[in-house]
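The same chain A turns up in both complexes below, where it pairs with chain B and then with chain C.
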Partner chain A sequence: MRRRHFIGALATAGAAGALGGIPGWPVHASETGGAAKATLADAPSVESLPSLEGKLTLYLGTGEGGLYENVLKAIEKRNPGLELGIRRGPTAALANAIVAEGQAGVRRADVFWAVDSGAIGLVNEAGLAQPLPGDLTGLLDPVFRYERWAPITGRVRSVPFHTGRFSAKDVPTDIMALPESGLRLGWAPAYAAFQSFVTAMRLLEGEERTAAWLQAMARNARGYAGELGVVMGVERGEVDAGLANHYYTLRLKAGKPDAAVDMAFTRGDAGCLVNASGVLAVNEGELAVNFIRYLLTREVQSYLAREAAEIPLVHGVAPPDGLPPLSSLSPPELDLTRLADLRPTLDLMRDAGVL
Partner chain B sequence: MHRSTERRSAPRRVLRLAAIFSFLAGGSALADGVVGEHVNDLQAHLDEYTTEVNWLIEQVDGIVDAYEAGGLSAARPEAVNDHWEAVDFHSAIETNYVPLYAGIWQGLYGVRQAIEKEQPVDAVRAEQVKLEQTLWQALGAVKVAAQFQQRGLVPAVAHTEAATPMETIDIIKRELERVVAKYAEQLPDEANTIVQETYLNRFEGIEGMLIEQDADLVVDLELDFNVTLPKSMQDGASVDEVSGVVEAMHVKLDRARGLLEEAEANRADVF
Partner chain C sequence: MNRWPGSYVPALVVAVLAVLPVVVLFGLAESPESLLEARNLRLLLNTLLLTGLTALGAIAIGVPLALLTAFVRLPWNRLWLVLLAAPLAMPSYLGAFTLHAAFGMGGELENVLGLQTPSVFGLWGATLVMTLYTYPFVLLTTRAALLGQDASLVAAARTLGMPLAACLWRVVLPRAATAVAAGALLSALYTLSDFGTPAIMGVDTFTRMIYVEYNAFGLGRAALLSLQLLAIVGLVLFLESRVAATPERPGRALVLWPRAWQAPALLLAISPVILLALVLPLAVFFLWLVRDGAGGFEPAFAWNSALASGLAALAAVVLALPVALAARAGRFGRLMERVTFLGFGVPGIVMGTALVYLGLQLPPLYQTLALLVLAYVLRFLPLAVGSIRSSVESLDSGLARAARVLGAGPREVFFRVTLPLTRRGVIAGAALVFLEAMRELPATLLLAPTGFETLATYLWRMYEAGYFGRAAVPGLLLVLLSGLGLAVMLGGERRAEFGLSGDNRS
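Up next is the complex of A and B:
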């Protein structure tokens, strides 16, 4: 079942998903060993968690603008017995460092928190991630349960469009139809989130169709350096629509409430992929696991939804303001760690002349 | 800032033979190995920098003398770059005052190109004088920086990752100064790469927050990063013009810093 809709998912996970987050998407049964049948519990409060004591080294993949740092400071303040050492760096570089250290027989990192699930996949594939307990992964909506890592917050691919000239119904619901839609389009091929999206398309549609899509887009699309630039280009009317993660539109509208831009979503394909930041434990031990529990509390999830416009992935936490009803979305089913397989995507993009 | 070991090796041998700069060989380096730790203790190295500036002036004078005596083939004007790459004063001024650092490169190329174009000796000497003046000004700037450093008024020079959006802005400003430096070194591709990487790896991380504070400011900076600055280099603008674009960006980035600081101060607690 690759293409599916929320109604179908409800049958899998039960109606409990209606409380918030991304409700009821199907589970990766092979990863969870049947965890999909578990009842969803509301995310715990930080009040219910054990204190963190001892030394912990965190590798923090940066790129979210400093909000993760605020979370870490709050955890440290609440746990004076925690000696948290943080190594910061670009996510991909830290993932490579963990793998290199692992190959050398060293595990300096206890925990790796990355803005991008592809980097998590790289470490996981190297066999360096520890299994996480079921009561922890069980806090996540079923589709986001993995044995050896935990998604923290999500972001959904969207098609921002100019509201002065179009409505959502003018945007194709099939991402493959977008290049021939007649819309003037904007995109940011050099942007990491876009490349993850193309990876998803390659995995879902195959290389041939993806290459054709890229070539068709290249004939019609205007290039931008980043995806906020795409959204701003749409808002200025330079293009009719574009491709971008959802939070850029929300944040632009937060700063400019009358901005002439809104979001449409494709259905059941890479165009509405939900990607996630994620965390994994590199070293065994209760401290690392309990640290991860803090990231899945309703307080941290609410904070990241409110301040970063990211999508909470636990149960019982409201999504960011301005995100369309989640029940209308139908993202593709895809193991997010497979998005780490970026090299064939870059080759495809170069061959198509878009990089 | 990123001088490779390979680029430095040959001139280092020259210096060792001259027995002037034996102290250079033992200098420690930061983790990335590109800038010596001496830049974090300028005061202790002022005598060495002074010696280096005198030595550089002598080397350039020797090149011009050779040109005067034997013409282009005798002068080897390209050696001015090697001499400049060889001294620690290079990173001392580069990490403290980029406008003069860029001016030194302009001066070096002024002498070199005047010789390569086989201009009259007087014209070459005029370029040499401009270079010498800039070198002395730069030494003065490093002395002032050493005083600030001793009073704890400047942060240590190191490659660090930002822990706050404001620190990200500081890093962006430093990277933009490197753009000017690389452009002055006549490495426009490297300068352009720094612009692109700074945009994608740094500015992209904070612009979502910034747009909530001032959407027009983000529009301005987007244009600067993606059009104005790259285009000025692509069009072959002078170093001063590129420096002017960067200075204008600094002003906008300072405003962004203030807005982000205010937003952070007003942000609700996590717990």
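Up next is the complex of A and C:
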């Protein structure tokens, strides 16, 4: 039901007038527009954007498929002049296709929206991403400003723990100390987000320490297929704590408010890496850039925050309920596009026998 | 040197076409460093176990069912045949997913019926699922060969006092060995390249490693691993080529009339296969449909699927005919025929990417329906070749020679003698390609025109988004449409039977 509200609301935002009066619209959309970040302009509303006219081909790398589809439907409905062609596929497959098209001198994609910044890095490295105007990237928090791509939503690495037996202070604040904490741990080594996290650790701590960490973890960690599985395992008490993206805990708790799981965050290391989904323009031109502007509006950002528990990256949109504000976390400083360098990570993981 | 047989030139063109994606893979692959690590060996062992067990399982189920559907006159004969072939229309990953959801603790069988069942998981679970969704390969190829056998040999053996069971074992089946092997080969190749089922069943296979590499943007290493997988495929192809065929004289097929009590008993015996492979997954789908509701489905998706798959089936048999004929004409033809089988062993997503590179060499064709059809043809050509070849091999070459002696040109011999006699294999081959193309996913996602949604792509999108109910509609339609396709093609097969022996059958 809420999804339908969103589409209706975005489509009729212009006609309805004042934003607060739209049914189903988040009233807390501008709550965090505090004085501390007053230098940043609040994210624009879809109403202030030019309407989109013409043909646009979007390559949509899936993962959170359903929720992004609703955003696209709403944009199409609001812009009847937009002829949006969508090619959907696994993120890595589409990234490979765009690179192949680039090599052959054939450009079919105008915009690439990927769930994973690694895929963005691959296309970027091939020199196929167009520079984005400063007033667009300027909407993002300074650490998330890149010249040739725009992060859309963020996710932070977390340590979900069982609240029946532990509290946040039982979880070490140093990710490197986690294997020796005495906690029974759950993890999902085959999962893409986990591999990005290990890549970050490798870049921050070096190969040797990362290899030692993996080996120490492998001795007492229980493997799961995905990170939702990790969080569910923690909640059932199969393990004491685990490693997962933040939204799995929030989504689980959204469906089951009394779930016995909460999140702890490490400080200043790969354990609280903030990674992002992202978008880039493969073709030059106003239309592609203006399309990306829509993804950074407060309507789209607050929808993804509310429905998918993802972290909005523009100013003036509240983070999902249940997540401490980004300013209270201390994520490591890292160029996210470097996370595309997965090869050495997989080698490390394989050598440690965890993959 | 003798003049080349007429089929060699078109066969060579097809073989070159079929080997192109493999050439692209060589271009993409990085140089090998660590071919045989300990863990690779474990993966290799798992892969070979799953493949071997599945091939055996497919024979164990497919051959008896082929005997049954070919020879025994059951009530509603054609319905049972369509139902028994229908698992081909179901993507195996869906079967794996629904069986996994149905069985075990907290499964749908327990939820709905209160039945305690063991869970379907691991190597045995994967073998069960792969067997259930690949035995129709054996069923269809074997049945086509059985129907091409002249019953007079069986009649002679029976006259000499051999019991029926011994007849089937010693007179009928040895002559169908090539077809059985061809079917088992297809099911083995399908298993080698399938990713979804081992992933859902938690079995570590070669394809899983290829996917891990691919998704980690290691296209080079994924391509290299695919080439290693191709080496296994080559081995399977070599083994299969050792099975020699017996030439067959055309004649009436054997017909067995069951006694009154035997028909229901036989149907009861085949029911577990239909229940597990079809009824259970469809029931789970219906359950989800009722629970979650449908919506957003457009009939155009079904039309798109049928159009692309139909064109692919047509093109595949046209290209497969010269290859199958060449395989009979000589050693080089045999080699060309083997080459066309390679593509079937490459995991879909790697093949899809290789075809993107290939398609980009012809930019006006890229992301058009034509290229998608070509991709299906390259990927599923072995299905058509295998099934046509087994009907070609049972041809008596004396017939063609006789026609030549009587003054017919090579063209006339082909159209009036060879083609009609291989019609059954052609139809079975077209059916296989059609069904496979209907459920193909990775290449479709990468190569179809933008916005060209098929049943399989829509199903995947809904499944990804977690709308299981909405996945039910295209899932059911996929099975229904493929069932219709099967029925039409098997109907055509019956006309072919009449055409062959119309004089003594009216």
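One rule holds for everything that comes next: the second predicted complex is superposed on the first by the 314 of 355 C-alpha atoms of A that agree within 3 Å, B and C clash if a C-alpha of one lies under 4 Å from a C-alpha of the other, contacts with A are read in each partner's own complex, and residues count from 1 in each chain.
We adopt the following convention: a contact is a pair of C-beta atoms (placed from the backbone, for glycine too) under 8 Å apart; a residue touches a chain by one contact, two chains touch by 3 or more.
For clarity, every value in this text was computed on a predicted model and none was experimentally measured.
**Student:** Clash or fit: what happens to chain B and chain C when chain A is overlaid?
**Tutor:** Once chain A is superposed (C-alpha atoms), there is a clash between chain B and chain C.
**Student:** Once the structures are superposed on A, label A:P90 by its partner contacts, choosing first (chain B), second (chain C), both or neither.
**Tutor:** A:P90: touches chain B and chain C.
**Student:** Between chain B (first) and chain C (second), which does A:T57 come into contact with in this model arrangement: first, second, both, or neither?
**Tutor:** Second partner only.
**Student:** Check the residue A:E69 against both partner chains and state whether it touches chain B (first), chain C (second), both, or neither.
**Tutor:** Both partners.
**Student:** With the two complexes superposed on chain A, say which partner A:A190 touches: chain B (first), chain C (second), both, or neither.
**Tutor:** both
**Student:** Applying the document's definition of touch, where does A:L346 land relative to chain B and chain C: first, second, both, or neither?
**Tutor:** So A:L346 only meets chain C here.
**Student:** Could you say whether A:V106 touches chain B, chain C, both of them, or neither, answering first, second, both or neither?
**Tutor:** So A:V106 only meets chain C here.
**Student:** So, A:L228: does it touch chain B (first), chain C (second), both, or neither?
**Tutor:** It touches chain B, and chain C stays clear.
**Student:** With both complexes overlaid on chain A, does A:A41 touch chain B (first), chain C (second), both or neither?
**Tutor:** neither
**Student:** Select, from 1-9, 19-27, 145-153 or 397-405, the region of chain C that bumps into chain B once both structures are placed on the shared chain.
**Tutor:** Among 1-9, 19-27, 145-153 or 397-405, the clash with chain B belongs to 145-153.
**Student:** Using the superposition on A, tell me which residues of chain A are in contact with chain B and, in the other complex, with chain C.
**Tutor:** In chain A, positions 62-63, 65-66, 69, 86, 88-90, 190, 192, 225 sit in both the chain B and chain C interfaces.
**Student:** Can you check the complex and tell me which residues of chain A touch chain C?
**Tutor:** Residue list for chain A touching chain C: 57, 62-63, 65-67, 69, 85-97, 100-101, 103-104, 106, 108, 118-119, 122, 190, 192, 195, 225, 340, 342-343, 345-346, 350, 353, 355.
**Student:** Using the touch definition from the top, list the residues of chain B that touch chain A in their complex.
**Tutor:** Touching chain A from chain B are residues 161-165, 167-168, 196, 199-201, 204-209, 211-215, 218-219, 222, 225-226, 264, 267-271.
**Student:** Any idea which chain C residues touch chain A in the complex?
**Tutor:** Residue positions touching the partner: 39, 202, 212-219, 221, 349, 352-353, 356-357, 360-361, 363, 366-367, 442, 445-446, 450-451, 457, 461, 464-467.
**Student:** How about chain A: which of its residues touch chain B in the complex?
**Tutor:** Touching chain B from chain A are residues 46, 62-66, 69-71, 73-75, 77-78, 86, 88-90, 190-192, 224-226, 228-229, 232, 247-248, 251-252, 254-256, 259, 299-300, 303, 306-309.
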